[in-house]
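Below, each structure is written out as structure tokens.
First chain A sits with chain B, and in the next complex the same chain sits with chain C.
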Partner chain A sequence: MRGKGYRRVSDASYAYLLIIPLIIFELGLTVYPLVYSFWTSLHNTNLAANTDKYVGLANYIHVFTSSATLNSLQLSLVFMITVVISSVLLGIGIALLLNEEFVGRGLVRALVLLPWAIAEYSCAIMWSGIYNQSYGFLNGLLMQLGIIREYTSFVTPAYAIYAVAIAYTWHYTPLGAFFFLGSLQAVPQDLYSQAKIDGAKVFRRFWVVTRPFMRHSFMIVAILSVVQALQALDLVFVMTFGGPGVATQVLPYLVYRETFATMSLGLGASLAWTLSALIIALTTVLFVLLTRRR
Partner chain B sequence: MTEKKQETQDISRRKYLKYVAAGVVAVAAVGGGAYYYSTMPPTPAPTATATPTMTATATATETGTTFTGPNQPPLYFDIWLALPDIVKMNMDNFNAQNNETGQVSVVSGDYTSVVETKLISKSKIDMVFGTPVQAVRWYKAGWLNSVDEGPHYSDIVKDIYPWVVDLMEQPQGGHLGWPYFVGGDVLHTNDKMLGQMLGRTPEASDYPKTWDDVLNQCREAKQKGLSNQPFLPEWYAWLGGLPSYIQVQCYSEGEFLFDKNFDPTFDVNTPFADVLTNWKAFVDEGLAPTSEFATTEAEHIAAFCTGKYLYSVQRDYDCYSFNDPTKSKMAGYSHIVYPMPGRTHDAAALIGGLFLISNNKFFDRDAWQSFRHFRLIEHFAWKDKNGNYAAKNYQNVFPVWMGYPSMNNDPATRALWVSKGWMSADDFDNNTKMIEGTKVPPVYKGCIWFQEWLIGSGGVNDLVPQVMSGKIKVDECVTTLRALAVDLKNKYS
Partner chain C sequence: MSKKKISIYVCAIALLFWTLFPIYTLVLTSIEQQVELVSAPPHWIPESPTASNYLQLLGITPAVSGMMMGTVETLRVGLLNSIIIALAVTGIATLVSAFAGFAFGRYRFRGKMQMLFAILFSRLLPSVAMIIPFFYLFNQLGLLATQQALIITYLSFSIPLATWVLLGFFATLPSEMIKSARIDGCSRTSSILRIAMPMSRAGIVAVAILVFIGCWNEFFFALMLNGGTPAQTIPPAVASLFGVQGGINQLGQPAIAAATAISLAPVLVLGLIFQRYVTRLRIVDPVTIALELPEGA
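Let's look at the complex of A and B:
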């Protein structure tokens, strides 16, 4: 018979007790910086001017009324929509192809994953070279094919954001493709046979048989794409440095510039919080829409 | 529905408290240890020599007071990625000659941001690189030490270009640092294409005298089918690109942008507007690629090496690449235009990089530690213990001009650079003359917001490309930049 001091606890409770120190550690590394960042966003903290004055919501008011921020917000949304739509559609297409039986399928699957495996920085360097107006691969190819008669610029103020979005899509699509491929592997083949017997054509079979199985992977890929696209900084920084002018100055880049180039920590923090709120809002909407049952 | 019996375990209060205490201690030990080692410098090893003080160990010499003592902790020099082998060589020489413990570490990525973060957080950082527009801000923030207290300050002042001393002088007192090289943007030629255009070997008298001459010659080159876009402007968004180029062309037109009180001297009727109008003409006539606004310095250099352009504004030392047969299609045919095209031909041969030491007071250094820091910067920026310029090691491998007339007028350096094919003898002489005749723009003497005016939100980097793309007019750009300058001056005063 056990003495005093002993009591029964469940496995789950025991596990929680053991990870309490880790939770405390995590609170220090994550929660404290978040709180401090929000506190900074309520101040006019500028290291170059040596100021640190409490200004309340003035930074947030500046964020929502400044033309630079509105421009960056617009660019971020354009970038995000372009990346999400193209990476999802391409991802589905690649997954459907990789789901077919053919010789060398394993090798092709490995090669398809390569763009995702390359660091974003390296991807940016590569695409800068591809787009280069003086000696770029794309210009050379189009010239050889007779599509253009002289080298041209692909990174113009009007189209630079799309040029960067294409590079980002190239980098990001393989991840989505493999999520979709996983879903396709779960589809029972006899469903396709039955659909064929019923006279369903290719698209109808995809819509009725394949699509329902891809619902969850579609949700995951869409949400991940939105988050990643809205946070993209490395590619923009290396490819265009926010230029030409402000043509690719997406929100993360504006956060970087205000925080590190002009040392306005308060404004930079408020921009970062605004970006976070946007990401949370969009992913919440997506989650609700995609998990809604009929 | 079946009930799932939950598995349970016996746990005593004592056991639980033991586990939690062990976890907390472990976390505290790891976290505290990491904090300690990241912020505390290593304790100097005790030696037989007593801790030096000014009175105990100071020795008067011909050149000034010297100190002795234990060379700890190590001196940390964080460098950007430019000829790191040469920097390492100079540090090894410094260590050997002074029995020192200096260390070099390369900062990859955004050098300025990394260094600023380290300076703000008082990390162990002793010497850094910087450009004048950055250094002015760091100096004002109290993170840098003036070089005036160095033991060889007077000797360096006598040896260096007077305009360097003038440029380094700050309104609150003291001098920022010492240059590790000087030089600026110049107009490079492609004489291969120019020769085809003229139908003969070009001479110096064929080079443009004004920026309109550059425009006209580019028109001719395009008309003759020699190049689709003959002019390659230095428009990339880094600090050394568009912000530097706009100063180069403005200064060459006699427009220094700001007076000594940092009030803007430009408006819609001054050369600043003429410069933008000149650039717009290049764009409107298809003579210059607007994609340059989104390139990098490396791509800008590589582009001119393709030989497709007639003229380009680049760093003076980039003739090294343009005349390299392994990299350039016009090797041996690229020269520097002298004098700089423009109304007044004033050259902006400014300081490309500075050696800067962190503030001795900010880092609580005693007299001995302060002396070690001055010894470090003076070794790198001036001469080693044997009386040799440390920067000579740069000049032996790369055509960079230095802040000392004796170095730039050295016949051996001239012969070396010419023999390597980096430039002609005339180019060497002409660029040296441009550097000697440099005028100091008033805005470089203490204006902490100049960098923000150039690359900050709504600044030069944002607005000028919009003029070139036709989104805004020249007058609107000039007016907006003038208003921004006034706002920034008020914000920081």
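Let's look at the complex of A and C:
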């Protein structure tokens, strides 16, 4: 009936037709802003000083030679490594647990995802109350358990970055855990029984039977958490605003501060590009490493 | 009970404690009086709980102070803006990415891999890298401090994400039904609308929830583009009560906690629903797409 007119269009052209809206959005909202921000990064654009002159790579040279960048890079790496390791390990643990049969599993599964649905800025408000040094809930809990003798401050220059990383891990882990759980559910049960008959112990069963099924989700979760942890800004923004001092001034926060504290958009853009390049490079390396054996 | 069973329950309880403790502290704070809140050690069960913060913030009872009155209005406007923006983005992004995801998941065409990598690439850029061009762009277009500004911004994140998730869903649909519909004289478009979309209902619902939660929770762009204006959404509204950037909060922690809890309610409900779908999402990577995905629609 209607077929005739439609069939003259080849499958490939039809596919292009379907993705046209996507391409328009991508060009307008990703490619154009990127080109613009790269252009800005080559200028000394400053809204406060009202300057806008081409300066070549001067902004990038400033970024690479500034000690603030180095400090932020270190903090970002510490934050990222802490978040990635703890959320991957915890995520695998949670997935293995939720894959076991026990009374109330459905309820636990439902509740476990909740922290992921809670926005970072709300996490910041929540965890500020937990870490608070004069009445905080963590202080109260540790005191009642007899672990500490008097209320202490957790958000100190030395530990603040870990305090923030723990809050972020709390928020971020559930999503990865559910990706792992999804891959666990694809493991055929008779493989386990067979391994059991063969006398394999728990850890060996995990290593030989389960692990191959988790390789793909492991790659997805590892890459996602690296990207997310390096992009994370809201938590620091609301909870510590980079402090105390510069103890939690991770790279995204430094970009924000450089850009908007002095309105130097050019400098901010070059720093933003440096951060983006770091994320892209790390992701590419991870992707190649994790898919190499296929 | 066997040793294994016992250790499973111990782990489950530890997991529940880790998950719920921070949420509990927020709820506890919101129903305590300021005096009781600052007592040390904390009262884990409040002696004189009160719902008055919730009742005032939701406009059920009149606000007791001028500051509270302002807060009620801020929240009301923020919730309204958030609902409008999140719904608009969810609708448009789901529609655009359902078709794009179908094309990527089921057709082979030139430039497909490059486009998929470009989409992934756009997800790697941090929001601080995008804020400068967006700010400039919206300033030029006169769209700063409007709902449109945030709708456009959120579409730029949501469409790639939604396309990527739906692509995996469409790619794993069984081909037979779509093919036989085509043989029966169904056009490609109606085979998508009548066969493929209904078969992927779970994936589409999951993606819509994912996009909605993402929009509802977005903070940075909401603050930089619309913060403090009549087009402000709920995240900067709540964060400003808490005192962003070292500002002092004068409202008191219980009221701030209650406002936070109210802003979280919709996404917590959606999170509970989403949990039923999340393990069925198949997140694919570009190599899998190139090597394994089926052909034809």
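The rule is short, and it goes like this: the second predicted complex is superposed on the first by the 276 of 294 C-alpha atoms of A that agree within 3 Å, B and C clash if a C-alpha of one lies under 4 Å from a C-alpha of the other, contacts with A are read in each partner's own complex, and residues count from 1 in each chain.
Assume contacts are C-beta pairs under 8 Å (C-beta built on N, C-alpha and C of every residue); 3 or more make two chains touch, one makes a residue touch a chain.
Only a predicted model underlies this, so the values are computations on that prediction, with no experimental measurement involved.
K.L.:
Applying the document's definition of touch, where does A:T262 land relative to chain B and chain C: first, second, both, or neither?
P.N.:
The first partner, chain B, only.
K.L.:
Is A:I92 touching anything from chain B or chain C once the two structures are fitted on A? First, second, both or neither.
P.N.:
After superposition on chain A, A:I92 lies in contact with neither partner.
K.L.:
Look at the residues of chain A and decide whether chain B or chain C touches more of them.
P.N.:
Counting contacted residues of chain A, the larger count belongs to C.
K.L.:
Answer with first, second, both or neither: which of chain B and chain C does A:T248 touch in the superposed model?
P.N.:
first
K.L.:
Using the touch definition from the top, say if A:L73 reaches chain B (first), chain C (second), both or neither.
P.N.:
Neither partner.
K.L.:
Give one of first, second, both or neither to describe whether A:Y36 is in contact with chain B, with chain C, with both, or with none.
P.N.:
In the superposition, A:Y36 touches chain C alone.
K.L.:
Let me test your reading of the model: by the given contact rule, A:A160 touches which partner, first (chain B), second (chain C), both or neither?
P.N.:
Once the two structures are laid over each other on A, A:A160 reaches chain B alone.
K.L.:
Would you sort A:S122 into first (chain B), second (chain C), both or neither based on which partner it touches?
P.N.:
second
K.L.:
Tell me which partner A:A229 touches in the superposition: chain B (first), chain C (second), both or neither.
P.N.:
Neither partner.
K.L.:
So, does A:D11 touch the first partner chain B, the second partner chain C, both, or neither?
P.N.:
both
K.L.:
Do any residues of chain A touch both chain B and chain C, and if so, which are they?
P.N.:
After superposing on chain A, chain A residues 2, 6, 11, 14, 18, 21-22, 25, 128, 134-135, 151, 241, 260 contact both chain B and chain C.
K.L.:
Can you tell me which positions in chain C touch chain A when the two form their complex?
P.N.:
Contacts found on chain C: 5, 8-9, 11-12, 15-16, 18-23, 25-26, 28-29, 37-42, 96-97, 99-100, 102-104, 107-110, 112, 115, 118-119, 121-134, 136-137, 152-153, 155-156, 159-160, 163, 185-190, 213, 216-220, 224, 235, 238-239, 242, 244-246, 253, 256-257, 260, 263-264, 267-268, 270-272, 274-275, 278-283, 285, 287-288, 291, 297.
K.L.:
Under the stated contact criterion, what part of chain A meets chain C in this complex?
P.N.:
Residue list for chain A touching chain C: 1-3, 6, 11-12, 14-16, 18-19, 21-23, 25-26, 29-30, 32-34, 36-37, 40, 93-94, 97, 100, 102, 104-105, 108-130, 134-135, 137, 139-141, 143-144, 151, 170, 174-175, 178-179, 181-182, 185, 216-217, 219-220, 227, 230-231, 233-234, 237-238, 241, 252, 255-256, 259-260, 265, 268-269, 272-273, 275-276, 279-280, 283, 287, 291, 294.
K.L.:
For a test of understanding, state which residues of chain A touch chain B in their complex under the given definition.
P.N.:
For chain A paired with chain B, touching residues are 2, 5-11, 14, 17-18, 20-22, 24-25, 28, 47-50, 66, 68, 128, 131-135, 150-151, 153-158, 160, 239-248, 254, 257-258, 260-263.
K.L.:
Which of the residues in chain B come into contact with chain A in the complex?
P.N.:
6-14, 16, 19-20, 23-24, 26-27, 31, 110, 112-113, 116, 120, 137, 140-141, 228, 232, 236-238, 289-291, 293-296, 299, 302-303, 306, 308, 448-449, 451-452, 455-458, 461-466, 469, 471, 491-492
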